[in-house]
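Structures follow.
One chain, chain A, appears in both complexes that follow, with chain B as partner in the first and chain C in the second.
On to the complex of A and B.
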């Protein structure tokens, strides 16, 4: 399955709208998009997951990568993550770096 | 500021299409570096080494990279492979060399071998999911990230004397549907039950093996019932550095490292330490008929104790014996424990069949085993609890004599045996019981050790549960499919009048009382008490004293017992909190200092008459009084008096005189079937009290409010 990523920038807030599955094959694409952002200058990174069914550890690691590159006060959120993705984030302790938003 | 680009992060040559350069021999294993992975593996007798890389979930290798001879320093092959994605890669090795078992060598380059330092192992990612038996290289090494966010967490370093250990099996604790957790049988499931452990009052969990093992090892079908039997307990390690994937709800995503760390962090946040039950005495490779998975093919002669003919010594009772006092193996054990202490914030280790760790490469016990000394004085492990199961299957029994180097604690098997005999009213036990409740000075005082050396227990995972201890005279291990021949025959148990299930109210009442007596004895003894999962609610294994292969309701904790045995639960919980409140029970010295503020000795023994214990063969009445000075100037001195009557008749115990301006308060009485625990205590006006048959009372002294 392919992954499409649409990036919306507004002030210091960046929203990445993902569509498809983030697995070991597609996670590098997400990582590449994140690498190309000026992460240090972003105050809030939103990862919109409404159209994502599955996110592998590689995908979740990409979010941690982003968080580590961003400023201390900055926020990484996943928006509309399904229960399974949320569950994995909580059970593995990654929720300390990533917050949840449900629209 | 400009930084110079590091040239050691560039390849020097290309082998089979992959950019590589000579690696760093240390650390062993696979380590993430910028742009690549450093691989390092030891083999002293191997003649060549090939790194085998797999794409995740592919049966056949992605590439095989022979490690050039000039990449070898000493006996260590190391190389860096660039531009590979650690998350998509699994790896193993082929080692060539002599195949001459008589000389101790079993090299076979047809086998792909797992790295002994593998920190992530895939292949058994979901518990009980039937593996593809034909798959080459079934257990695969992977490379985890070390980026878990621990925030403020660190090991708790609770004073050993204050510990109350709860031994549990990660899967068995929440696998039952009755647990009500979202992810039954996993680390995450255990996290959901932390509030339960916290309210119970225990401050350490001892996890039965969580190093990766194969539940299908020696798996078989029960000959009569057709039930699938597993290696449920897990005392058979595949990899010493990897948490069991199938205990993680996220194991199928390869995220067991994070989930286990989250468990440790959550337990710490609740004030509960994590002790791991570690199995260094043997591996999952069995004897000469067992599979070659890792050590056997890497350097058989180094890793295993071998007979002069090249067969495997079997001091573990499971086929092979790890050669722990070989310096290379010693380093592996040390590296492993350091890794768990530093990377996982583990608070302590309990060593299965630890006496093996003190044998030389030919099996003889050493007087100063270098491995035990190394662990005792290691700077990274200096705050870790080190607890030995101080015996092995080769007949070495070292309770009281385990080489401790001032650091090692012991599972006190003598406490278990004596307490069991005393509880069922055996003759001639009061003398030894007096030693046991003090923390076993007869075993530990002379060598300068303290009461907290002794991990006191009456039951553990191995043997009867507490409920079965008072319900069965004989083991009933038929469910294990070995014709009831496995498991210990000498259980020192008493069924209270009927073997197994009974509806006789008198028998049931007596059993409950005996369980309470056991808890009362355990939790008023000096040393570290250990309770096994479910004993606080009377968990039964239907008389099975060796449920190692049963992944079923026999082994799992049935949480409905919390309703049916609430009285026992509440009693145990109250006792645990009582222990935490009373420092006199946790004094960690054999000096028996006088408590001058109340003019009483720190520990004294009594019989039915105060200051006059009866050590006769027929005596079944023993009382002990433990005291300690006030912890702060405004506090009271602490006095706990315990009267145990294990005779089948009630006895009048005359009490010692209460300290001046103090009065005796009754707190627990297992003989009162209506009220075993008096929440606010009950003032004792008379000078003595009647202790019912097979009963224990616990009394404290409180200052009289003037």
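On to the complex of A and C.
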């Protein structure tokens, strides 16, 4: 399974539109995209997951990485995550750092 | 897995080198088997997730890729109390690694993301995504068994 990532930047809001699985093989690509963003200058990072069926701990680590590099007042959201991915985020306690948006 | 293994049948098996070149083949196997035999979407996802985390550990840390083999098999079990289970058994002959499932806890459930160490989530997810997880070392094999209750022994 491959992962494609489209980045949409608008002022201080960045949306990453993901398509595919986020696992051990593909998470490094997400991490690379995040590394290349100026995370400290972003107020809201939206990870759009409508077309993502699966996310392992490798993907969660990328979310933690982004949150740690962004400013204290900044927001990380996952958009349209399926119930299974939401459940994993809640189970690991990451829902205190990542908000859910359903469009 | 004591008390669970009263009767079992192996359905399918795969054995390859634990390398990223074989990643898709390994994940396609566990995904296909879990979806075929586990009707409940959440349980099926949990089994695939747990398998991914174990396979990832083996691919990254089992040692010499020219000598190590990873083998995955799928089985059904009927427990002594007549409950039906589906299991994926993942084994490798690489470096011994005991995940200590019995004492494993969430690495940092209440720690803000800004203060978390990046790591430790994978094994926590293994333990909490299946109904039963088990590890044994039978020299030279690390053997991980991931099981979930199912409604029927028939495939979907």
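Heads up, the rule we're going with is that the second predicted complex is superposed on the first by the 103 of 103 C-alpha atoms of A that agree within 3 Å, B and C clash if a C-alpha of one lies under 4 Å from a C-alpha of the other, contacts with A are read in each partner's own complex, and residues count from 1 in each chain.
FYI, contacts are C-beta pairs under 8 Å (C-beta built on N, C-alpha and C of every residue); 3 or more make two chains touch, one makes a residue touch a chain.
These numbers were taken from a predicted model, which means no experiment stands behind them.
Participant: Assess the superposed three-chain arrangement around chain A: do chain B and chain C clash, or do they fit?
Facilitator: Overlaying the two complexes on chain A (C-alpha atoms) leaves chain C and chain B clashing.
Participant: One more residue to check, A:57. First (chain B), second (chain C), both or neither?
Facilitator: Both: A:57 reaches chain B and chain C.
Participant: After the superposition on A, what does A:28 contact: first (chain B), second (chain C), both or neither?
Facilitator: Only chain B; A:28 stays clear of chain C.
Participant: So, does A:17 touch the first partner chain B, the second partner chain C, both, or neither?
Facilitator: In the superposed model, A:17 contacts neither chain B nor chain C.
Participant: Counting residues of chain A in contact, which comes out ahead: chain B or chain C?
Facilitator: C
Participant: Between chain B (first) and chain C (second), which, if any, makes contact with A:96: first, second, both or neither?
Facilitator: In the superposed model, A:96 contacts both chain B and chain C.
Participant: Applying the document's definition of touch, where does A:75 land relative to chain B and chain C: first, second, both, or neither?
Facilitator: neither
Participant: Using the superposition described at the top, list the residues of chain A that contact chain B and also contact chain C.
Facilitator: Overlap of chain B and chain C footprints on chain A: residues 24, 56-58, 60-61, 64, 68, 87-88, 91-94, 96-97.
Participant: In their shared complex, at which residues does chain B touch chain A?
Facilitator: Listed in rising order, the residues of chain B that touch chain A are 56, 85, 87-88, 145, 147-149, 151, 182-183, 187-188, 191, 248-250, 253-255, 258-259, 261-262, 265.
Participant: Would you tell me which residues of chain A are touching chain B in their complex?
Facilitator: Per the touch definition, chain A meets chain B at residues 24, 27-28, 56-58, 60-61, 64, 68, 87-88, 91-94, 96-97.
Participant: For chain A, which residues are in contact with chain C within the complex?
Facilitator: 1, 23-25, 54, 56-58, 60-61, 63-65, 67-68, 72, 83-84, 87-88, 91-94, 96-98
Participant: Please give the residue numbers of chain C that touch chain A in the complex, ascending.
Facilitator: That would be residues 20, 23-24, 27, 41-42, 45-46, 48-49, 52-53, 55-56, 59-60, 106, 108-114, 116, 118-119, 121-122, 124-125, 128-129 of chain C.
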